[in-house]
Amino acid sequence: MSDVAARELRIVGFLCNWCSYGGADTAGVSRFKQPTDLRIIRVPCSGRVDPLFIVKALLNGADGVLVSGCHPRDCHYTDGNFYARRRLEMLKRLLPFLGIDERRFHYTWISASEGGKWQQTVTDFTKRVHELGPLHAKKEATP
Amino acid sequence: MRVGVFICHCGNNIAGTVDVAKVAEETRKLPGVVYATTYMYTCSEPGQEEIKKAIKNENLDRVVVSACSPRMHELTFRRTVEKAGLNRYFFEMANIREHVSWIGENKELNTNKAIEAVRMAVEKVKQNKPLYSSSFKINKRVLVIGGGVAGMQAALDCADGGLEVLLVEKSPSVGGMMARLDKTFPTIDCSICILGPKMVDVAQHDKIKLYAYSEIDEIKGYVGNYQIKIRKKATYVDWTKCTGCGTCMEKCPSKNSYDHFNFGVAPTRAINIPFPQAIPKKAKIDPDYCRQFVKGKCGVCAKVCPTKAIDYEMQDEVITEEVGAIIVSTGYSLIDIERLPEYGGGRYPDVITGIQYERILNASGPTSGHIVRPSDHVEPKTVVFVACAGSRDKSIGIPYCSNFCCMYIAKQAILTKDHVPDSQSYVFYMDIRSPGKGYDEFTRRAQEEYGVKYIRGRVSRIYPKGNKMIVKGADTLLGTQVEVEADLVVLGTAVISNSDAGHMAEKLHISYDTFGFYVESHPKLRPVETNTSGVFLAGACQGPKDIPASVCQGSAAASKVQALFSKDMLESDPAVAKVNINACVGCLKCVKTCPFQAIKEKELRDGRVVADVIETVCAGCGVCTSTCPCGAIQLQHFTDNQLLAEVNAICLT
Amino acid sequence: MIEREYAYYSGCSLEGTASEYDASMRAVLKELDVNFREPDDWSCCGSTPAHTVNHVFAAALAARNLALVEKIGLNTIITPCPSCMMAFKKAQHGMTKSESFKNEVNELLDEPYECGVESKSALQVMYEDIGLDAVSQRVTHALPGLKVAPYYGCILNRPPEVAKFDDPENPISMDKILLSAGVEVSDFAFKLECCGAAFGVVKREMVNQLTYKVLSMALDSGANCIAVACPLCQQNLDLRQGQVNSTTGSSFNIPILYFTQIIGLTYGLSPKALGMDKLIVSAEQIIRSRVTVEEMKKRTESEAQVKAKKPEKKTVIEEAKPEENE
Amino acid sequence: MADTGFVQKEKLNDFLNELSKDAVVYAPCLEGDTVIFKAFDSGTTLCLDRPANNPPKLVVFPQSETLFSFKYKKDAEDPRKMSVELEANTDFPRAIIFGARPCDAKGFRIYDSVYIDTNTPDPYYKGRREKTMIATLCCSAPSPGCFCVAVGGGPAHREGSDVLITQLEKGYFIEPVTEKGRAILNVPRIEDGEQYAEEAHKRQLESHDLVRNPFAEDGQPKISRALFDLDEFWEHVVSKCLSCGACTYLCPTCYCFNITDEQALNNGERIRSWDGCMFSHFTLEGSGHNPRPTKFKRFKNRVGHKFLYYPEKYNGVIACCGCGRCIRHCPVSVDISEIVSYLRGPRFEFTNEPPESMGTDTNSQEQKQ
Amino acid sequence: MISQRLREAIAGVFSEVDVALAYQQGFDKLHATPCFMTMPEEINKLIWNPLCVHNLTSYLPSLKKKKVAVVVKGCDSRTIVQFMQEGLINRENVVIIGIPCNGVISVNKVLHETNHEPIEDITFGENGEITVKTLKGEKTLLLSDVCPDKCKTCQYPTPIVYDRLVGDPITSDKSPDSVYADIKEFENKTLEERLQYWEQEFDRCIRCYACRNACPMCICQDSCIAETRDPHWISQRATLSEKFMFHMIHALHLAGRCVECGECERACPMGIPVNKLKRKINLDMKELFGYEPGIDPEDKPPLYTFKVDEVTIKEHKI
């Protein structure tokens, strides 16, 4: 990690192509300033997000994971986010059982027009992850 | 692997807050990257040439462009690399504009974020596989849902272009809202006179198959190959026999049926033809009112029908049709007056809606065009129009403008004066919105030539006093309260989406906004397309619009269908799910969760059962991939390994 | 009947100018077997002055009383005065919606309020909890000739997101309650019009105009009495009726009764117990017209017989004229 | 210097702490109700009263180890040029296995033949093995399933051990077996063991006869090739096998491994990790073909390797030390000794019927391979 | 005697099936072991006692094309119901011989009680008392003390689904609230304690996959993504994070499907509480969707379905 990056924490974002990735684009087009910690992975649908990706990220170095999809009923694929909602809620409840603060994982629904909501979500979530601090201070280093 | 990376300055858009040279420098250190450069405008013609040249000179087999959002230019660059001989899926984009340079203020942090974004893209592109589209035949028939003016225009344009059209209309006649209007603004043309010929054209066009009084039960399939189930609702009249003579309607003893066409301005018969110009001009029984259905005996219509067309036992009929594209033109509804209690909420007969007033004004309407008020059938002398009755009102959840009320209120005020020369009209309005051609002049004419009194302010309450309606409101220009004693009050009620708009959207797999209006692909540049390819929008189902705008969209949607059908074959998106039959254990959880029924079970020669994807049906959502426990079904281009490569690029550093 | 127990908050008006509202309210609730207790040491609800100055302070005044209710182990409070009720509902709304607002308010209180009390107007309790059936079961008397304009006033149901009861533009709860007590009501368009509120002191002219409108609309609607649920409305319409007459040249003589007084009359309660003697515009005629339900039945039966005998005479006079307004 | 030593019971922890000073001491420790070999430190609870759930093979043959790490370096001037740097470490710290059982120690001898006594010794194994001293504790009682005496071992067998420890009433009698083992006598806290020698030797013999011997009739197991090569035999005896790796991973003699490369960006490692012949992936070929597609074939290999192939190659030495872990910890109690005992004769004597009559086809009888 | 009646029951259906799954004596007195019977004379080997712990239904999916008779306890029967929900077996190909069960034995608990001495003999009394004979003598234990934890809160002692029932149905006398009491108690620990707990437990894992292979609902088996390179979820490194990840894969793939037979935990040679995570998820599934795996054949596993309006899932605020 470079020196600059030391100020940042690792936040992984999974965004559905149709709504939330567009929402993040909208925020960009509107020049809505945001913290820079988040790294975005584009997926076709929040239903594509296997909860294992989130676990994998959190176990392997991420300090926070954000998943965002289309609003319920608005899924480009009709049902994808309905599946996502159940699976992500299951994970959200499981994380604290494992000893991982569930606040490190957030899932939400943001449409392509909601640039403002995206900005707010990124800002608030980044702030929260910073409040929680790094997750991996004591973890073994995996090359 | 030989990856080439092109980092775009985007003028100053990126280079202003990201050190692009540094990004290129760091990118060169990545294994697999043999070439990394920056360019002022990568999407420009010379920028694309640069990529092609580098592919050739450096023998690149993978390309990453780090620039704007892939939603913007992914397709552009895919074509570029394809022209240079690479498979278009050997390409990835790193979004360092919308997601980096435009949202972060610190150049150092932005640069670092951009470097990582490129690293993720490089790691992903190394996992990419070449994917090949397969082509499939298109069924060149088009389904138009909704026979209002937009749908008819679309149907006629498609049919004139030689396409076979199925027009499905849920009410007994085509024509929609426009057929109910008396005159149209700003020309005061007779609405049915200009629409009638179109309706006749629809009926007579040999390429148009009209399903009136029918609804869509189910839509399956994908662009080019849809299977549609159409429910022909029971009319209890055999339309092949019915001549539209109207004898049944004359003799029907049930005289208090609700008249849907006239919005209940006056009752109609239980068996009726909705209006004289109806297409098809056929009778239909309303079983909620028909004595044969309610009381079990009557049979008058059956007795009087000269062609013996009455069939009380008729059942709904479901027909399956196949089409290649769908135009949705399902129109709009109006807010129920009960949601406006301050205006009486429907308790006062002399407070009516604009569309009801249209029917009163209309020569073929229940009052034969004589303006009388519903309570006592007396000609009103003072008529008050209330604009924005529900529109632009957050408190009832309708923050938007209904688009055409200002104009039709002006028109109705003018017509009122025409019909009742000694009348006086008042219009309570918030703003006059008349941005069309000749529109503003029209509203001025209402005020200046017809003496309509425009009062800028909202109405707080309407209540009866004696045989008058008192309209109480504010005049914000004078800063006072005003009370007008009216004989008749006309509400410019808000335009809302149809109550079943959501269900229809779900059948079509298209999205709709909070208000139930369908969402177009792009508000500026793709106004009639939806995000579901093969489904197009026309008319007010996409948002309130007036007749010319609806007609424009109808034609536009038709031209989109023509363009789509100009080819005989369509290319499928190869980014669909694929099953590794060696890994598949045949649990078929993917079959259960696929939103598109695109996965079937298949028995292999050795008797093993595995999942099998119907490539053309698969829409590429990836629900199956996250469902499959053994990673056997992988959404191409978004495989587990591709996403893991990105996760690892972020985490394992 | 309902088993639950309510808290009862009379508030300052009901201890003073509106003591007949308090008396009739308690009497009617007793008839309806409603158990209620008053918290000790209740204080000002905050009313109008407080929230014009400071929302936290206003909520704290309300919350203090609500906390007292919480302390005596109750979760619903009957607040006859709409002003008090709104003060409570607003505090409740603000404190449940925002944790930080709640903390700010509780900072000012000795005993924190945990937001466990719902305030209801007497109308709401009768309409939602007791039920119209129960209201009508107790009726022993009829009030022939009485036609009431139900007057709700401005704040009983508004703003809707705070009040969460009845329609903000066309409320019907009082109509329904009076109807179920066998009382005829008129279709009154000014159910919600402003009575002039507290401006009676500083802008007497304006208030006279407003009350004039309300009174005349009541007459127009065919009513000969107005039912109210707010001490301030009652005051403006009743106390100022003479003033209106003298400034506008009108001659109103419309009794302004609390709806509980009317219900009390139908329950056969004594006019004294209902504080009828406290009204400025006399309700004597209404009281005198009162008959038992049995008596009323006989009357209608005999009328029907008369009608049956001489049908030709009675046919047109369907719209029974309202009682004289003296 | 004395030839034997003795450590008082209450001084054992101190003794181990002394040992830990210049070597990593692996000892059976209690975690919950499980005894596992792990690095001993003050926080661990020693447990010597029963064999550990896992054998100490991980000390010399870790579950996974980095063979070497590699690093890609790009030319600063020309991104097309890339070099790779390799780095391997075969310098291992000194280790002591304390409290191995005689069967465990014998297991290392099986390894040694494969990894050391060949033309191309394995530097990782050899490096660790040479740095490791094995101090074995004699068994005072058998554990469920064990049968060391049937495969040439015993509760006080010395083969493979550097030191033999016998638990007595008051403490531990310590006997060096090899030259390497003599060093233990120099460790502080150890006293002269001579006075305990007699008692210890007596004790060592006591439990020998308590150990079951499934092959008792003629001692050493013999395998009938005829039956061994009969598919139906395997289908019958191992239908219940779940095909998991508990038996191989807990086996002190199973030495199979897998090699994988793991790379993230410029850095990577070549990793050697345990593998087991009970897994289908073990023999899965790149083409997708699997020569041992069923659990029956895989089980046959496991038995064959231990009792046939290995002995054929290494002077008749059976690659099973009889520790019984594969039986004890098998989720469905598959008993390898029972199966081997069936294999003695040319016919399957388990039932009265000849095995041919079972007549089931391979694919369908198959489950959970 | 139940054993005898069981033998008769199996003999009664033997001609209809290709194979019958039951229990026989294992390598010592303390162990029973599954037996696959294809010949009538094998029926005599069959035993029934509290040592018959194994969930024999685990074998069913792999025998999908055969007619199978299988002996099931109450807990095992839930597996069959779950198989039916997920379409993993042909119900008509399975003859279910149900046995109402008062609880089985945890071999580990018995060994713990007897200091891991080899067991010479074990006998079972009428009222749940167990007499264990070792070299060092005899000891009497109570079934309730040495049963697996699942038996202590068992809600379904009588099989939910069966074709023949051997023995009289038993109703559970255990409080339904007790089922997840341990999970709720664990949740009282601090986050740090929980993380530490799992790190210590998972660190022992040797990735032998006994838990996975013993699990009746782990349908992937040889296709398990813990061993594949495509997809490459985890490496073969024996690091804590990889072991942790393996157990997460296991738990999440069982999410809302685990029938809590406890085979994973019983199979683990390293004593890792493998079932705990799955039971935690089950508790959540019950709270969120009112779903309990393996109870109703018509139900759908909650993560393979959805409701458009999920009243129980509240939107999360940051």
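Residue numbering begins at 1 within each chain, and the chains themselves are lettered A, B, C, D and E in the order written.
By our rule, contacts are C-beta pairs under 8 Å (C-beta built on N, C-alpha and C of every residue); 3 or more make two chains touch, one makes a residue touch a chain.
Every value quoted in this text rests on a predicted model; they were computed, and no experiment measured them.
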>> Measuring between Cα centroids, what's the chain most distant from subunit A?
In response: C
> Of the other chains, whose C-alpha centre is the longest way from the centre of subunit B?
Replying inline: D
> Hey, which pair has more contacts between C-betas, A-B or B-C?
Replying inline: A-B
> If you average the Cα atoms of each chain, whose average lands nearest the overall Cα average?
Replying inline: A
>> Centroid from C-alpha atoms only, then distance subunit C to subunit D, rounded to Å. What do you get?
In response: 89
> Measuring from the mean C-alpha position of subunit C to the mean C-alpha position of subunit E, what distance in angstrom results?
Replying inline: 66
> If you average the Cα atoms of subunit B and of subunit E to get two centres, how far apart are those centres in Å?
Replying inline: 53
> subunit A: which residues touch two or more other chains?
Replying inline: 51, 56, 60, 73, 79, 83, 87, 142-143
>> Two or more other chains touching the same residue: where does that happen in subunit B?
In response: 593, 607, 627, 640, 644, 648, 652-653
> So which stretches of subunit E touch two or more other chains?
Replying inline: 65, 221, 233, 237, 239, 304
> In the complex of these two chains, what residues of subunit B are touching subunit A?
Replying inline: 69-72, 95, 97-100, 102-106, 108-113, 116-117, 120, 502, 506, 509, 511-512, 531-532, 575, 593, 595-596, 619-623, 625-627, 635, 638, 640, 643-644, 646-648, 650-653
>> Show me the residue ranges of subunit B that touch subunit C in the complex, using the header's touch definition.
In response: 340-342, 345, 347, 461, 463-466, 470
> Can you name the residues of subunit B that touch subunit D in the complex?
Replying inline: 28-31, 33-36, 58, 119, 123, 582, 606-607, 648-649, 652-653
> For the complex, which residues does subunit D have touching subunit B?
Replying inline: 72, 74, 79-80, 82, 264-266, 288, 363
>> Applying the document's contact rule, which stretches of subunit A touch subunit E when the two form their complex?
In response: 51-52, 55-56, 59-60, 72-73, 79, 82-83, 85-87, 89-94, 96-101, 106-109, 121, 124-125, 128, 139-140, 142
